[in-house]
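Next up, some structures in structure tokens.
Look for subunit A in each of the two complexes below; its partner is subunit B in the first and subunit C in the second.
Up next, the complex of A and B:
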């Protein structure tokens, strides 16, 4: 029990520090928000134009609007920047004092994630509510069970993206190009995770490849859950996919962490 | 009392990629990488008792920081054994890390954009420091380090000296029995260096902590450490008291003279007493054999019109430079 209280206190302190740092740069908060809104807004604009003459594979204009508003929110709730932090920690030697403290450096990263997500997603939620008040198309189907399922899927997606980012950042133990690898991953995920278009609109062969990888579970699956377009077997399959890929990436992170530290410390080197 | 730090035949070898310059070299390194072993630390053995202040002394790249990193568990020794505060550092985990503080002169743990107090609060939670203990310790550190005026300024607005003071405060809030300080006065001006030294000796007196510091500022060592470990090119050259080292290496003493009024004293006359290092009337500096310093002084006083005379050890920097240049293999 005291263990739990200690951890709550530690996370409280880490979150406080993360939020206070955020508040130092109010201009950058606005910039990040704009960045988070622009990409889905541009994608929505394009599909809005394409769907002028009628639905595209079942997606009408209102469906696209709902999809990209949901995407905007879910993306901010699940995005992870940890590979960039880790890369600089490892290469600039800032990992040293973090390793000398009695707390795993990942906790600092998790706290930063929570702080960032709460702040940006909170703002996007406000924007959405205001837009929804005047534009019925972006309102969501409501149901407590669906909200609960969506929350679970968003949590799993956030964990998945965190471990992908953290594990990739740990490649900085071996290469100076860790962030380039993460950029490449982000580029692929633009198509395969549903950021540019709902996965249902991808060419069937591409959609099939995506289905075998982790990309749809990072974003598209929780977005489809939130907009109410996934049911039955697909819903179960989505959760199974999330859990399996999360386990794989947790494994990758653990491998990279222990091997990386041994490399860093020069075990047997 | 058992030693708080034991290092036995400690060695660390890094394998580094070597590459010829230019495009050809880059391609060759890509196809067939070549490696070279760099022996950063070789066969180093020492013990440190609780409460000691020990300084690692050596030029850049001597192996000081590598040794410190092995003692704190950041690096794994290639061969040899380390035990620190009852733990093998590499596998000591949280319990080990609570017993040490590591301060790196060139890397800071203070949160850059926030006032230092926020880092203190963070460490309070990370090290599970109880409220009352935190308040008491912070008050003591603020008092000893004179931090009242800087607590609320963002770290990025602090001077280098103020930052190092805050860095020390952040590292000591959990009252570690063992402090590792890597170049704690690096880049600081003389006043700030003295403030840090004053604090460290006071803190150690109050709390009896063991301190291991690396430095290439001799003043740090003379002011703080009773014992020095001199390390060069990975080898431990000397382990012992600073004055014993001076006695061992410095076979000479300097006699500084101020001659009285009147003339007639020439450099040739002074040369009869020892090696004349400088002579600008009325000041003269002679070097004589250590064991003859007293007798020579007496002869000088008897033979010449001397207004003032003092016998000094050569500057410690000269002694250390000599140690690095000649090694310490031979006995005095």
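Up next, the complex of A and C:
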């Protein structure tokens, strides 16, 4: 048990450090947040116009509003940017300092993730509450069980996106274009993870392909849980999908980490 | 700023970039991927509608072509130039610019040319041209002239937006990612402004003038607008430029240098 206490203490310190560090960059964080919500806001604007003459495959204007507000929140809670950092750390050698510390660099990254998300998601929640006070369309059906399920799905999605980001960032051990691969992944996820539209509105063939990949579990599934559109078998299937893909990406990360470190010479090494 | 200096700067930049020819391929692939993504996005929207803000599919593609053309200008000149301003205001690196015997705004804005990103300009115009073919629309000479003028005005408006947003760095010194603000605003320019709700449309026409960057040139090319309207676009661009010039001067007075 002392091991657990040790880890709690370590994470406490890491979180405090990350939180204080972010405190210096409050204005920057607001800008990143603003940037993060424009894409769903613009998508909502377009669907809002399309749904002017009536529901689109069962999605009325209010459904779109709820979907994209939920998307903004879930996206902020699950976003991972580690691949960009890893890429530059590996190329300019900053990884050396981080490797020299007595704790795996991934733990620092996790702590930074949590601190950043607590701050930004808090801001989105406040804005959402204010908007919901005047605009009933974006209010959510409340149910303790659904919120608990959503919290679990968001946690799994955040872990999934973290490991995807970390593993692709580690590709920088082998190539100087790791960020291009990340861009490619982001481009595909625009469609397959539900950032552009609810998956039900994609061509059925595309939606089917998405079902065989990890993309819907990064965003679409927790969003649908939050807005209350998944039930029964689809709900179970969603959680199974999240756990399976999380295991796959954790495996990919471990492989990339052990193989990559063996290859890594550091700057000047 | 003297054209001779500008030419010398850009010649140096091009010579430097020519060493990295593989970047041309990377840039081309990136642009093609981006255009593909944008077209697929439109395809998803147009599965459920026949018109977007009263524009049909190929008209919106013309607009996408204009968007991509402007993206090329932004990535080739503005982001690598004025996009670095916020960091320099913070670090005091702007001292080195101000000490030079040239106009500071001109130098900061046009000091770099990432020549490979001009592929976006070429591919953007090609995309707009292809969409015109699919529209079976042959622009008249007047429409082409109006497009040329409106597109030039659009470049000026985009430039003015960058200057206005980056000038904020003089007030909010610690914010290094100000350029993100431009990306957030510019995201709205991917679609015709008529697709947005009324209040947002007002904002995009009068307050944050991104309607003038893509909607107006595309409309001029497809004949949605009277060619004479391009003169209004030119006037808007001139006004935007004058205002940001004023803003730049005011902002620069706040700069205290590396020691401040």
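Everything below uses one rule, namely that the second predicted complex is superposed on the first by the 264 of 269 C-alpha atoms of A that agree within 3 Å, B and C clash if a C-alpha of one lies under 4 Å from a C-alpha of the other, contacts with A are read in each partner's own complex, and residues count from 1 in each chain.
Definition applied: contacts are C-beta pairs under 8 Å (C-beta built on N, C-alpha and C of every residue); 3 or more make two chains touch, one makes a residue touch a chain.
For clarity, every value in this text was computed on a predicted model and none was experimentally measured.
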### Task
Pick one for A:74: touches subunit B only (first), subunit C only (second), both, or neither.
neither
### Task
Pick one for A:225: touches subunit B only (first), subunit C only (second), both, or neither.
neither
### Query
A:97 contacts which: subunit B (first), subunit C (second), both, neither?
first
### Task
Figure out whether A:24 sits in contact with subunit B (first) or subunit C (second), or with both, or with neither.
both
### Touched partner set for A:184, first subunit B, second subunit C, both or neither
second
### Task
Name the contact category of A:202: first (subunit B only), second (subunit C only), both, or neither.
second
### Message
In the overlaid three-chain picture, which partner chain does A:48 touch, first (subunit B) or second (subunit C), both, or neither?
### Response
second
### Message
After the superposition on A, what does A:57 contact: first (subunit B), second (subunit C), both or neither?
### Response
second
### Task
Would you sort A:34 into first (subunit B), second (subunit C), both or neither based on which partner it touches?
second
### Summary
After superposition on chain A, the subunit A residues reached by both subunit B and subunit C are 24-25
### Task
Mind listing the subunit A positions that touch subunit C in their complex?
24-25, 27-28, 31-32, 34-35, 38-39, 42, 45-50, 56-57, 177, 180, 183-184, 187, 190-191, 196-197, 201-203
### Query
In the complex of these two chains, what residues of subunit B are touching subunit A?
12-15, 69, 72-76, 78, 90, 93-95, 97-98, 100-102, 104, 106-109, 111, 113-114, 118-119, 121-128, 154
### Query
In the complex formed with subunit A, which residues of subunit C make contact?
26, 30, 33-34, 37, 40-41, 44-45, 47-49, 52-53, 172, 174-178, 180-181, 183-185, 187-188, 190-191, 195-197, 200
### Task
Over in the complex, which subunit A residues touch subunit B? Could you list them?
6, 9-10, 12-14, 16-17, 20-21, 24-25, 92-94, 96-103, 262, 264-269
